[in-house]
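Below, chain A partners chain B and then partners chain C, in two separate complexes.
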Partner chain A sequence: MSNRKLISFLRIFEKDSVIESVITPIIGLIVGLLIVAIIILLQGVNPITAYQELIFGAIGTKINLFSTLLKFIPLSFTGLAVTLAYRAGVFNIGAEGQLYIGALVATWVAIKVNLPFYLPSLLALISGTIVGGFFAFIPAYLKVEKGINEVLTTILMNYVGINIMGFSVNSFLMEKGQTAPQSPLIERSAHLPIIAKLEGVHLHIGIVLVFVIAFLMHDIFWNTTWGFEIRSVSINIEASKYGGINVKKVIMIVMFVSGAIASLAGSTEVLGVQHRLMENFMIGYGYDGITVALLGGLNPLGVLVAAFFLGALRNGAYSMQIATGIPISIIYVVQAFAILSIISASALYKKFLAEN
Partner chain B sequence: MIDILLAILNISFLQAIVNMSTPLLLAAIGDIYSERAGVLNIGLEGMMLIGAFSSFVISYHFNNPYMALIVTIIIGFGLGIFHAFFTVTLKADQVITALGENILALGLTSTLYRIIIGVTEIQPECPGLPVLYIPVINRIPVVGDIMSGSNILVYIAFLMPIITYIIFEYTSFGLSIKAVGENPKAADSLGINVNVIRYIAVIISGIFAALGGASLTIGGLKYFFDNMTAGRGFIAFAAVIFGRYTPLGVFVGTLLFGVSDAFQLRLQTLGIQLPYHIFTSIPYIVTLLVMIFSRQTSFSPKALGKAYVRSS
Partner chain C sequence: MLRSAKKLTIFLVIIMVIITMVLSMTSCKSKMQTSTGLGGNTGSKEKVYKVAILLPGSVNDGGWSASAYEGLVKIEKELGCKTAFTENVKKNDQVQIMREYAKKGFDIIIGHGFEFSDALKQVSQEYPNIKFVGIGTMVTGPNLASLQFKYGELGYLTGFIAAKSTHTNKIGIITATKDPTGQIEFDTLEAIAKQVNPNVAVAISYTGSWEDIYKAKEAAIAQIGNGADVIITNNDAGNLGVIQAAKEKGVFVIGWTGDYYKHAPDNVLTSAVQKVSLLIFEGVKGFLEKGFEGKVYQLGLKEGVQYIGEYGNTVLQELKDEVKKITKDIIEGKINIEEIYKVKK
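Right after this comes the complex of A and B.
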């Protein structure tokens, strides 16, 4: 499997300019929505009505906007995790497993630790990142030491991570006297601080963390030696080695941090929104991180834009389903066509350049 | 411990291995063609899912599992063309395309299931493929017993390694595929149409991946649920790497995963006090361990993953 080739192809997604990285996801999603409009039409539903419901459900009221932002947070974390790894030439498809493991460890710590103020939640977040990071470190280690491609190992580890979490909420972390696979409620002292409240919807501090990490990442990539080292590893491994960069070390550290960021998607959701761990509590957010990263031009700031759109899509799809009966799962069709349309557009563009 | 030994030392355990290996074997053997021709197909997962879904729907709707089988082959053909169009014609990246395809398969099957079948209280069942009785095979001791409950897909799956071996070793078509995967430029100069061979190879992979999915529904459970392939496509892909792209190696690889799958099911039915999550992880962990302990890179076709650009 030629990874160098993959990374060089991905460069078409790589948008260093912020404006470009904002426009790409929008165009991709528009194409996706147009194709899906045909499926909706075949269902005997007017696509315009359906999409009006979708937009209303996503941002129509303040509460809906808040719910969209609550989906924006985990999508940003996983999108940033995939972006960071990619920038070092590693394809992290394991965000799903990393976030499940992160959520598991964070919940466990939040339930066991009894400390005042927000210390338990801080401790929970940190332990989640360490274990999530370690979960991502394994494929990185296998890649650099054994030459095993990370695409396959991270996918396989997702299933392992999801099953470990499922096992935990069915055994030692299961709420006493309950038959449902879920943990007990987390004490209030271990909840994440809430920064805004609107009726029943609480926006937690995770959103601040998202912006901090995104801007920090952006700054590190383009203004520091670290960022230069990370980017040069993905561009040319041989040249980086020659230039004195410890390629193995860079890849392992970056994957650890990538897993740590992915774990935050799970731990902030548990500590900030759901307050207990349930089996299958956030299916697909890790895989959506890949879509977010690709649509966001593999640029930390573009990721924020793409994550917002995908969050809106996820949230709006509920209203669309209630109003028109179009299943929520259709958003995956939209996302797939968004990616495939960008792939084909850029492939055609490359072909056009080659022929002229 | 004796319980466990007794549970696995019998014919029904061997039958379970055959049943668990069939979907993987079909997808993995088909994938050999694609990989050998130089096209990665991580889209196996999505192709299997679509195959599982379409065979279920057709069999459910028309009450005819054989018709479902034929439609699935046609759909697999289409899936192959889809993947080949992106990877061979457009020369798009083979991994990204596959990721897009897998998301598409998940979205399409879940959506269409709700549209066509709707949300029901009881899981609707479709007619499954009937047991196929082949006089010669079924009279062989042990083998006959193991195969006695099998449908046509199981026979196809276990014949494919032999057929594939013959194709790759003794036919010019097999030789062309290998040439295209190892050195497309040289193949081209010998008058082999690289893109046509790659299209055919990817189409074969698409058909068998779809059949692998069909063996889960019309050849297995007789019902469909969201994301029911649960990573089997990825495991099949791993089996191809483990099997070093050879029919025999891939056969051994899929059997190994079949054994671990059958073993975990058997332990569950024994009522051993361990939650099922531990058991369901076994095949994935075995796959990971197998990848760690088997060397792989040096065996892959030289042009694997690279689109062929004809230079003048």
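Right after this comes the complex of A and C.
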């Protein structure tokens, strides 16, 4: 268990107070956007026009806002999953694989089960979370029992998850009479309940789930003994052991739950938005979860804010690219500068505190 | 003090390097993306059509998406349309990007690949006045069409060439997966080969991968071991492995999709060339000139989007002339390919 250096480095991102964790991602992204404005200017495009398009594309109309929220849901799930694991001193880099497996199991159940009134979708979500949790439990078990670093195993498990899903849609889950590697459409009874509807854009119940999980996590971390145990494991394993905490159990449970939350990103997307599974159905959301978690101060409520802004950036980027020709990949540069600025700002702040 | 100054310099240098890298990366990309001017002069009376395409990969992937971009450039240059594209479109972004193009007043919106089927169907219903096109899809609607390569034609021609060229009467086919359109090609191929030479036997190997060069080579060596002396390979990157095996064992090979003559002029008989860029170009040209119908368009030899490529050194002029004549007959409708693969079924 030798991730101490990494943990002590990442501590710079940790924000325990809600206000701090909400303000940091906003300031970080503003700095990122300001720096990128220079790049856009050098491209010969007026950054103000570009950002107007960006903001309009993200929240300009109700439909655009809904699409942003549909991106916010999976980003917050993976962000929350990474945050939870980090708070117990383990790194879950495997959210990508977990969400692929979650989506696979959810789709399979949704297609096979034939029950009335939202029961199939509930069953599909639950089975997706259980298998996704189990998928994250494997690295946790290997860590506590065999001492294998979970950073390595979770990264490698991503490929296992992605390829199992790819194999499935190419074989037993493939739509009959189709040449394309994709699952059949999921029946209407297995769709997630829709809470708001606009022409073509349906906001599903996943958004409620996001808020419930985030507030629950926040409450558990700072108001319960469990939360105290989890956080103390990350701060000092030896002291936690001495204090009577079953460290192995904490790590295994936390990783299971973390995997379960990550899998929701995939299963809600399939059951609520795409309604069928195919290869590469959402690329990179597992890894984006890490960015979201760091921007959000590794705080569940900060994660919500960070996920919303990153979702908005992503959604607005299309409109910006179409209108001004600025490539969509520019928003990843914004993200990177946001994180860099948070690192430097936090470091300066700490230095300032130390000097005074 | 000295140490911190050193650290600061290193830090600054790293930042500068990152910034220059980012700048150079974005600048070459956006050069391509902003090259969407009004294109050729089509006269002031005509309306300038706006065509947008959504690509699953990057425009410089050297394959599927790159060839679509090539087609788009041709559309802009030769048809005088205003064009735009979005690359690396992820599955869960398709619908939103199509809507953005629709809102910005594009006339034709193209989804490049079967994975766009659902999004095309959904968004085409939301914008009934805009034309939507899928490449390699099967979806249709009042304002939604699909463009495909006409299947059977290349199977017919390659089957004829293979049957005329084999000495051992054994033809091998190597492809990645068993899919219906590929199956039609090979059914036609087998039927024609047997028509030309009743003693011919055709065997198919599936490698399961479009990228695995070694697997394709293994499959080719196994086929050659069984006595095949003409191998047809439709395996994308795997084609190179098959050609390598053919070179080593001294047998003939017919490539698919690209033109493989240069890879082994003595072993490659010819190639069944399919040009995605031309498929898109000819498709859009057809919409502008002949009007749009919500159906599956199949383009082939007639439109010149697929053809028999360069011949190898060993192919006799006599055979080339025969193939030329058959091609002409197919184009003129004297040969009905559909009948052949339907009988086989």
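In the analysis below, the second predicted complex is superposed on the first by the 344 of 356 C-alpha atoms of A that agree within 3 Å, B and C clash if a C-alpha of one lies under 4 Å from a C-alpha of the other, contacts with A are read in each partner's own complex, and residues count from 1 in each chain.
One rule holds for everything that comes next: a contact is a pair of C-beta atoms (placed from the backbone, for glycine too) under 8 Å apart; a residue touches a chain by one contact, two chains touch by 3 or more.
Everything numeric in this text was worked out from a predicted model, so none of it was measured.
Enquirer: Should the pairing of chain B and chain C on chain A count as a clash or a fit in the superposition?
Expert: clash
Enquirer: Who does A:Glu199 touch here: chain B (first), chain C (second), both, or neither?
Expert: second
Enquirer: So, does A:Tyr159 touch the first partner chain B, the second partner chain C, both, or neither?
Expert: The answer is first: A:Tyr159 touches chain B but not chain C.
Enquirer: Looking at A:Lys351 after the superposition, I want to know if it touches chain B, chain C, both of them or none. Which is it: first, second, both, neither?
Expert: A:Lys351 contacts chain B only, not chain C.
Enquirer: One more residue to check, A:Tyr318. First (chain B), second (chain C), both or neither?
Expert: The answer is second: A:Tyr318 touches chain C but not chain B.
Enquirer: With the two structures laid over each other on chain A, which partner does A:Met282 touch: chain B (first), chain C (second), both, or neither?
Expert: Only chain C; A:Met282 stays clear of chain B.
Enquirer: Examine A:Ile48 and indicate which partner it touches, taking first as chain B and second as chain C; both and neither are also allowed.
Expert: In the superposition, A:Ile48 touches no partner, neither chain B nor chain C.
Enquirer: Per the contact definition in the header, classify A:Val333: touching chain B only (first), chain C only (second), both, or neither.
Expert: both
Enquirer: Residues of chain A touched: more by chain B or chain C?
Expert: Tallying touched residues of chain A, the top partner is B.
Enquirer: Can A:Val208 be said to touch chain B (first), chain C (second), both, or neither?
Expert: Neither partner.
Enquirer: Who does A:Ile39 touch here: chain B (first), chain C (second), both, or neither?
Expert: After superposing on A, A:Ile39 lies in contact with both chain B and chain C.
Enquirer: Which stretch of chain B would you flag for clashing with chain C, going by 115-123, 169-177 or 295-303?
Expert: 115-123
Enquirer: Hey, what residues of chain A end up touching chain B and chain C alike?
Expert: 39, 43, 170, 327, 329-330, 333
Enquirer: Per the contact definition, I'd like the list of chain A residues that touch chain C in the complex.
Expert: 39, 42-43, 57, 63, 67, 70-71, 170, 177, 179-180, 182, 199-200, 269, 273-276, 278, 280-284, 314-315, 318-319, 321-323, 325-330, 333
Enquirer: Enumerate the contact residues on chain A facing chain B in the complex.
Expert: Per the touch definition, chain A meets chain B at residues 1-2, 5-6, 9-10, 39, 43, 91, 93, 142, 146-148, 151-153, 155-160, 163-164, 166-167, 170-171, 287, 290-291, 294, 327, 329-337, 339-340, 343-344, 347-348, 350-351.
Enquirer: Where on chain C is chain A touching in the complex?
Expert: On the chain C side, the touching residues are 22-23, 25-27, 29-30, 33-34, 36, 52, 84, 86, 88, 90-93, 95-97, 99-101, 104, 114-115, 117-118, 122-123, 126, 177, 179-181.
Enquirer: Please give the residue numbers of chain B that touch chain A in the complex, ascending.
Expert: 40, 42, 86, 90-97, 99-101, 103-104, 106-108, 110-111, 114-115, 226, 230-231, 234-235, 237-238, 241, 275, 277-278, 280-281, 284-285, 287-288, 291-292, 296-297, 300, 304-306
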